[in-house]
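Several structures are given next for inspection.
What follows is a pair of complexes built around chain A, which joins chain B in one and chain C in the other.
Let's turn to the complex of A and B:
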């Protein structure tokens, strides 16, 4: 059991948990999005190597979500 | 749709889309019509068929080389689809391509029945299904139809063959029916409704072709009914029975009720030759496959669309070269092609 008085004394702990969730969940979301895109990119590349550039670009687009997560995490950690 | 539903088809779909991009573009066919056979062979020898032409160039020449190269390429392409797909897609593609086993069995039995040479039969064999080319070359060496049928005893197609009593049409109908009923059962087991829809439309188109051919030949209702494949999308059992009883002109009018009418409406008056109607129906099947594959991009449909497109490409090339070889006029060759 966590002592409630300890939490009340230092809210930084909860902020850190929030920051962790922001990056972690965004990462999982991006991963789910990327699985189909990555599979498709590899499939197209197997047939034609010219798709490497396009495939790579498409695969990293969901990655931007993680950047939003990271920004939120940084705001949580440094602004609050 | 679950998260992984799309992902499981993403790989194979992207791959077949890339493969489809490499098919011969439609604009090339009119150019082929203006070329001579050596020019076409050279063009084909520099395209996706290069490997097959080079490989078979030592054994065959001229149109034989062409024929064998096309068949080998078709077989290898289809086999590749089976090899690069996984799970449900793999199962469905394997089951669908069993139609080539049926094709090969029919080819071999027909060849033996009419006394064709081993070389002639082998020319038409496409080992894209589950029967291996090596096994089939062994079976072709058998002299009699009964012997060939006995050689297929261990295959799942034997139930359709064992009742052979000297009439080829009977076992051919049985083979077709067995193929489609097994396929419908297999697809229904996976619960893939899109495949089922595609398949049932294919059955309809096949049945319409049978209707036209049989009615034009003046066959009786009962004989026609024997040749029809049950399980169609729009032409249900009751429709089939009703249509089978009609004479040709009435049948053509009755087709207006079905959505396939728009494919053949403008050529429905030309019944002296069925070529226009048959190529229109083929084209309808092709366009239908490509349209629904865009509605459901992450499904088995783009793969089926590719399978059809590839087959039509090979057929068209064969029609051009065979037509040129026999010096047929351009418009007749064109009428036979699906473009």
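Let's turn to the complex of A and C:
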């Protein structure tokens, strides 16, 4: 059992755990999104190399989610 | 700069006799982008290739076949062959080459076949080493049947149940038991069954040869080695041919390609029985020069004129025009899409922002210098093409990274200057405190100033996106007029600026948990501006466009990656350094405190760690910097869809006129 008074005394550890979860879970989410898009983009590129630019663009769109996670993590760490 | 080269549409017309000098002139000038004639009219039809076309392509075909067989690779030499002498040699040399090369290759193939045959025989003879019989005794009987093969079990007890009239030889070959069994034909059926029931039985065919197996085998090996020698000598003969002719082959290939291109050019013209018309585009500034050249070569008989008629924007060929240093960045534009004629060509902007973003991310003196060195190596290896452009982009980015590395005070993750981190003094490699430039105290330690760096990256993002919207405003104004531009791009600018003003006041208030001052003019002004923007947006693009508004926020937050990639790169470097220094090279602060073995492990960790980080440092910042251009910046203004300018002509490498 965690002693509640210890938590109340120093919430820093929990904030750090929260920040880690924010980045890590967001990363997993982005990865799941990117896998299907990446596979399709590579398929399109195999047919026509001109798709490289657009394929890259589509593939990295879900990456923004990680950035959101990162921003949340930074706010957690530095603001609270 | 910012705009593609100005193009003029031209029509060239003349009588059929002039078609050859006209083609030659334009091919030499290498400026005319031909619009293919495709509508077959009543008077004008698609032209027919010039007479030598089929002969030329025949030569080209056989030359390429020869060059493929010999494996000739084009190498640029300073010695260029004159294309005046080539035609007289081509017929003779190609015929000769074809005969020699094909006869050599035929011989090679027949020798290879023979070698294979002998090798098969040799491997078939080999198992019979284990039996004391000559090969001819296995066959040729009328009343005796012979069985040969591998077998693991002893078949003699079973065999004697069938008949006692047999002869069995056994031996060992390649660690397996081999046998030869002779029986009268009368017992064939039961013996066959006996053998088939024995699982380990593998039949061996006796090769149709005469003599003692080891003797035959020796003979075969000798024959094979003779054949192999012959094979090698033919190969070396071919190498001599290749050495002798490779220059001719590359030069002739180029000459024939050029001549075929010229001979087939009429396929793109409109022709009548006595005349031809070429429709195409040239850079406007070259018009006078082209007019003069054409006059000289046709005696003023071919007719060249400008056409002022309006055409579809997509049809105008695009040649991007930029200063030398920004030229490589056209690669990034063309990878995305070729711009349309009236669109802004953003190469020069990317020339600034791409290396800048890259450098803010990488920002390390050591890595920057290594990447710059790598770029120089690539650039020297590939003189032309995409990789050369890429190397230049990388070089510019790396140089800027070194500068940013000084600002961050990082050298392979080690501090460059003395700096105080979390109350502790870190000793830098230079052993001095950093200077202060323009009020900013160097070094700006990345882990210590995350908040301010985050703010800076977001400001960069806002500026970048605003720039994109301004370019979009300009593009739409040109294409559809000011009203549309205000609805489509002006509204977004208002939302962006108004939203920022409001958030700039809102955030500090939220964080300090104080109420927002509702009479603050910046806050209210911002809200009002944003609301006007939203109204304009709905009016211009419909109610559904409200769904798009959050993407503006995500676009700006996306620039936080500039900080994030940098932190992760610096973090890996720091981790590698700490691990190798504190654990192996300098345990407890003593150099080589753990012995030379541990120090070596430390060096290994240092090397591998930094190598991985360097590779990530090229890939990560490169891709993310590009992504910020493509996704956040280009989507604000760039449409693309133009035709690339492909002039009719050839860049000679191996021949000269």
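As a convention for this text, the second predicted complex is superposed on the first by the 74 of 80 C-alpha atoms of A that agree within 3 Å, B and C clash if a C-alpha of one lies under 4 Å from a C-alpha of the other, contacts with A are read in each partner's own complex, and residues count from 1 in each chain.
Note that in this section a contact is a pair of C-beta atoms (placed from the backbone, for glycine too) under 8 Å apart; a residue touches a chain by one contact, two chains touch by 3 or more.
These figures come from a predicted structure and were not determined experimentally.
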Practice item. Identify whether chain B and chain C fit side by side or clash on chain A in the overlaid structures. Key: fit
Check your understanding: Is A:79 in contact with chain B, with chain C, with both, or with neither (first, second, both, neither)?
Key -> second
Practice item. Give me the angle at the C-alpha centre of chain A between the C-alpha centres of chain B and chain C, rounded to the nearest 10 degrees. Key: 50
Point to revise | First (chain B), second (chain C), both or neither touched by A:68 | key: second
Check your understanding: Touching A:32, do we find chain B (first), chain C (second), both, or neither?
Key -> first
Exercise for review: Return first, second, both or neither, reflecting whether A:43 touches chain B, chain C, both chains, or no partner chain.
Suggested key: first
Practice item. Scan A:52 for contacts with chain B and chain C and give back first, second, both or neither. Key: second
Exercise for review: Classify the contacts of A:60 with the two partner chains as first (chain B alone), second (chain C alone), both, or neither.
Suggested key: second
Point to revise | Overlay on shared chain A, then closest C-alpha pair between chain B and chain C (Å) | key: 9
Revision key, fill the gap. The shared contact residues of chain A with chain B and chain C are none
Exercise for review: Report the residues of chain C in contact with chain A in the complex, numbered from low to high.
Suggested key: 335-337, 450-451, 454, 511, 554, 557-558, 560-561, 564, 623-624, 626-627, 630-631
Check your understanding: What part of chain A is in contact with chain B in the complex they form?
Key -> 32, 35-37, 39-44, 46-48, 51
Exercise for review: Give every residue of chain B touching chain A within the complex, in rising order.
Suggested key: 3-4, 6-7, 10-15, 17-19, 21-22, 84, 298
Point to revise | Contact set on chain A toward chain C in their complex | key: 52-54, 56-57, 60-61, 63-64, 67-68, 70-71, 74, 78-79
